[in-house]
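Some structures to go through are shown next.
In what follows, chain A forms one complex with chain B and a second complex with chain C.
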Partner chain A sequence: MSFDLSNKKGLTRRKVLVGGAATMSVLAAPAYLRKATAATPIKIGIPTVITGGYAVLGSHVMRTAKLVEKMRNASGGVLGRPIEFIYKDTKGEPADCVRKCQELVERDDCRIFTGVVVSSEARAIMPKLEEWDAFFISHGNGDGRLTAEFYVDNFFRANTSAPMGARALALYLKDAEQKNFYAIGSDYAWGHSSVESFEAQITKVGKNMSGTVFAPVGNKDYSTYITKILQSGAEGCYVALQGDEGRAFYSQAQQYGLSDRVQMVTEIVSQANIRALGDDSVGLVGGSRYPFTYENEANKNFLSAFQAEYDGEIPDWTDGEMYQALDILFKAMENADSDETKKIVAAMEGLEVDSVKGKTLMRECDHQGENQGFVVRVSDMGGSEPVPEILKIYPREMITPDCRSTSYSS
Partner chain B sequence: MRFWLLLGTAILFSICIPFMVPYYAMTIVIAALIWGLFAMSLDLLVGYTRLYSFGHVASYGLGAYSSALLILHFDIPVPITIFLATGIATLIAVPITWICTRTHGVSFAMLTLAFAQLGYAMLFRFKEFTGGSNGLPGITRPAGPFGLDFFQSKIGYYYMVLAFLIASFLICRNIVNSPFGKVLSGIRENEMKTQALGYNVRNYKWFVAIMSYMFGSLSGALFTPYAGFASPELFFWLISGTVLIMVIVGGSGTLIGPIIGGIFFILLEHELSEITQLWPLAFGTVFIMFVLFFPQGIWGIFTTISKKSKSNPSESGHAHS
Partner chain C sequence: MLGAYIGYTVAIYTGSFFLALIIAPILVACFGIVFEKLLLSPLYKRQDGGAYLMVTFGLAVILAEAIKLTWGADPKGVQIPEMLRGIVIVFDFPFPKYRVFLIIIGVLMALSAWLFLEKTRIGLLIRAVSQNPQMVNALGTNVVFIRNLVFAIGCGLAGMGGVLAAPMVTAFLGMGSSVIIDAFVIVIIGGMGSFLGSIIGSLLVAFVLVFGAYYVPDLALAIIYLLMLIILIVRPGGLLGKEE
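Take a look at the complex of A and B:
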């Protein structure tokens, strides 16, 4: 079989060109349509700590984001569009965080942020949100002032803040036998906020503070601080240290016998710290921003998906908080039927969600999420590692501070 | 003549950068220029006087916090802020460098480090003033003087940083090429001999240390209005190590080399962190490669190639024919 292209009744150059153009149009049209609608991913920026002292928290943020991306996209995405997370390493430094966020806005046209680990990083980007027309939902930034004196319209906090964690713990310790407490915190926004809140709350319930001390960010040697605590005669020690700092402190406290003489209490009981300490962590009492042992439908679903994805690993508090923040974000976007900042803000104000920690209300007055307060004790429940056992759950109304405030009028 | 031709080409190229790269990329380009200036300031000490400062971050931090506080409290136009902040930081550097240059070698390195750490600790001690660990957020680029608002924009700020970098480079070049600079080279090669020739070595070292701190402060002063934030990390000793690496990678004792080293370092870090989460590992490998195989740095490689092609004109001509 042969084709004669010179035959004018057959294929001419004009016909070939017209046919080619028509074919291209058919092929290009769906691509164009796809670009405009369904296939355009919703970009969410994760400027988090990938390298540095808080990298373990950043790694939890990323693993949960990856899980959520997989789950969501498998079930049709959000607003019928796939979601795409863009990860940036901020090293836990505020100036780097600002630069990375700016890049997300200008290069990637990404105007939704979450996963910021350090409160001072959050504090650095918040004044820029309006200029960037960007939305930022905190998954774990604890500094109470972010929804109080530093409030901005485009920022929401889904997680339990430092004053909320300290409040739950203080309420629990009201009936404890310890009378005198010493507090040690990391010398940055969250550490200060946590210790100051605890101090205010614990004195309110009739206990005494023997002293407070702040260790520099990234500190490795806590021997002088431990000596101070031992000499203070305190019966309880409140710890506001996370990441590498927390693990270094707890293991040195064990070596110096501090844990045997003083009841350690902490704002956040972290599974990473429990794992590092092993059986030595048993007995540690503290607040929990997300106890994976909490029983409700949302948490059951999250837990099974997480453990299936990560070989039965126990999710840490950062995982739970990150999952909750993303869940709330997507619900707000669906209610707003948009991924535009202003519409998300409007939809999120007053939004109530059945989260992995129970019902959470994103209150309108300061954009703080009202969460239940959990107090846990690390126990050996016969598993591969000790786990936080829930001792008490406080209703969210008791735990959330006054509007745009870090304190409680009641 | 060749120098001015090269410089003119480099300036022309730099002026065209905003038209050649996407807008978002200007953020990292500005950071690269600021770090280039910072690295060049250290080269006056390391490359020309063999004074290894492990606390050069103090100059950067002083400049950064000075400009941050000036803007936050007085809202002074950004170009004036830069000059004032550099001046304030340089004044603070005068007694610090006087003490540091009383010593030699390791003692000098340790003293500079001690002063930098002192500054870092003071940020936390006077937190009402410095913001402590929270830093100082919300730093803008105030308009003016004379209603000039060009420097408020990112592109405008880029040109301002570029102008400061070029001016600083020319001043430093004049310093190192002057009789004063020749004495510095003498100190670098043989301090005892230079002293025996009748030069007051201490004063020379003190003056060059002040100059070095001044340009370091200038880079810090440029940083905060660019980043919109000042945090204690700007005073942290690790930055002293980073900038020393920039000088070595770029080629110490050349002025232009450390500028290239600073730009190279920032752009490489940025690109690597986009590709892999293990970027510090890849970065470390690059540094080791430079130390082992190219100890003369990037600028050294460039000049070696340039000299070779000059000394073999027939070969290169043949190759082109």
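Take a look at the complex of A and C:
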């Protein structure tokens, strides 16, 4: 059996019309697809702590992300596309954080991360970034080693690190009357990094360390540690405890009268702690990663938008740093004209932004953001709650450590 | 945790910590009664320990979220009443008055619970129900009421614990879960079902934690588990518990 497959008829009018329509469709297709891409949101993963001991920090991350999403999308989004945040609960556990990020990559096709709360979580996902072709900008991870010995290309840190906070405080304490200091830290990456940095810095400015101690994560009774601090004869106590641990320590230190005998200094002064501790927090001196009382145009805008959205509430340091990280991320994406990892990395290196904390430079050599250093004292300024009063601002060059290092040569 | 948050609200609205110390445990006990009636009592016939665990764990998760929605994620500070502020000097070292108050309350509550369980008729019935509910029921005692009462007392005491802890650690999400492990270790060390064993277990754990934190801070947490391990090897039923 045979079939005649040849087209014996010539071109008809109908065939020309059909062919023309098909050609037009093919030519028009890229424009149509471009339109679909423009409407496709840019996904940003927020693997943060929604439940667990650091849930307060996670809640601050999310409320600022929601505010930014609202503000940005109202003004046309980023690269002409809306932004969409995808929240995942890591519970503050490194293994969970890796799993949630993997989900973001594989299930949601999301390759930009921020909002990771705990430094050890950040440390856990960093080696996977290249494999995932993902970009991660830290809003608040303090462990100095993240931009030093653990450096990876696809990671940037917009925030003040633990060594930077300790440096600002050490510079301030150089002229203080206290000579001997004791340090207490949380027994995990950030706590160790913060205490070690403070120890190195404070001895450099001619003060002595009477001792250091690390309390287990989740510890609630600090009576033994307070006794040790009292016995040490120290005149100042450096506290690297955050969240629930920090509040428990300050409350109990106040009850023991430790705060009356020893000047408490801390790397991070947190508004959530101030609010919970009330008058017990007044007098606390510390570094501030984001003092909401700082005056510049960017912070004025953020503060008014935040307070309008959240019934006049005072933004905490996590809010300010999250806002800053997202601001820097969007500037880099706009400069790169892309949301691809490699292009964002290239645009981020050397980027300078007028942030809520002044001019911030994303250093090329180790991807650490150069931030000004703030030292504050918790004061009762007659408002509804005590607030951090800025005592001193140090230029970013003095505060940022040597490249890919946690120490300072000068 | 619920006790701490209710205590915070009562203290804010009434300005009295002591009133919070009375009202919060009562409200938490009432909550316990409702929970036991609605969710736990249908499980008694199943004789399945896993079901209790799942239901109570599920409730803990729901409760944490409900607290978050009601009070927000930020921690809540509870101020110590003026008369309990300040320190007393013990062996040349300052000791907070509030901790003295906690010790007194702790001793009083332990003593009351022991007297209640050992020296009253209802305490006798509670012990009997824990050992053989069918027999107690056959003898004409209302086992349902006894179980409801025990659960209410337990919830009330937990509520009181929350109110008392709040000035030391503030009221925060997850404050309940941090206690569960310690409570578990104490009961294992003391022996399941032994009231005196639990008291000895709690004192042992406290001593080990305090001395551990002082002399070997890096191992303070590990030591209590080591203690539990040693006791389980030497006495598998716990210090005063019965071996099964």
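By definition in this document, the second predicted complex is superposed on the first by the 374 of 410 C-alpha atoms of A that agree within 3 Å, B and C clash if a C-alpha of one lies under 4 Å from a C-alpha of the other, contacts with A are read in each partner's own complex, and residues count from 1 in each chain.
Just so we're on the same page, a residue touches a chain if its C-beta (ideal position, glycine included) is under 8 Å from a C-beta of that chain, and two chains touch if they have at least 3 such contacts.
Since this is a predicted model, take the numbers as computed values, not measurements.
Superposition note: with chain A as the common reference, chain B and chain C are in steric clash.
In the superposition on chain A, contact of A:T51 is made with both chain B and chain C.
When both complexes are overlaid on chain A, the residue A:D89 reaches chain B alone and has no touch with chain C.
Set side by side, chain B and chain C differ in how many residues of chain A they touch, and the one touching more is C.
Once chain A of one complex is fitted onto chain A of the other, the partner contacts of A:G350 are absent, as it touches neither chain B nor chain C.
In the superposition on chain A, A:G76 makes contact with neither chain B nor chain C. Contacts of A:Y225 after superposition on the shared chain: chain C is touched, whereas chain B is not. Once the two complexes are laid over each other on the shared chain, residue contacts for A:P216 go to chain B and to chain C alike. Contacts of A:Q255 after superposition on the shared chain: chain C is touched, whereas chain B is not. Superposing the two complexes on chain A places one region of chain B into the space of chain C, and among 20-28, 38-46, 110-118 or 308-316 that region is 110-118.
The interface of chain A with chain B overlaps its interface with chain C at residues 51, 187, 214, 216. Put simply, chain C touches chain A in their complex at residues 64, 68, 72-77, 79-80, 85-87, 93-96, 98-99, 165, 167-170, 172-175, 178, 209-210, 213-214, 217-218, 220-221. Residues 51-53, 55-56, 58-59, 187, 213-216, 218, 220-221, 223-225, 227-228, 230, 244, 247-248, 251-252, 255-257, 272-273, 275-278, 280 of chain A are the ones touching chain C in the complex.
Chain B contributes residues 22-25, 27-28, 31, 124, 132-135, 137-138, 223, 227-234, 273, 277, 279-280 to its touches with chain A in the complex.
Put simply, chain A touches chain B in their complex at residues 50-51, 87-89, 93-95, 98-99, 102-103, 106-107, 120, 123-124, 126-128, 187-189, 191-192, 214, 216-217.
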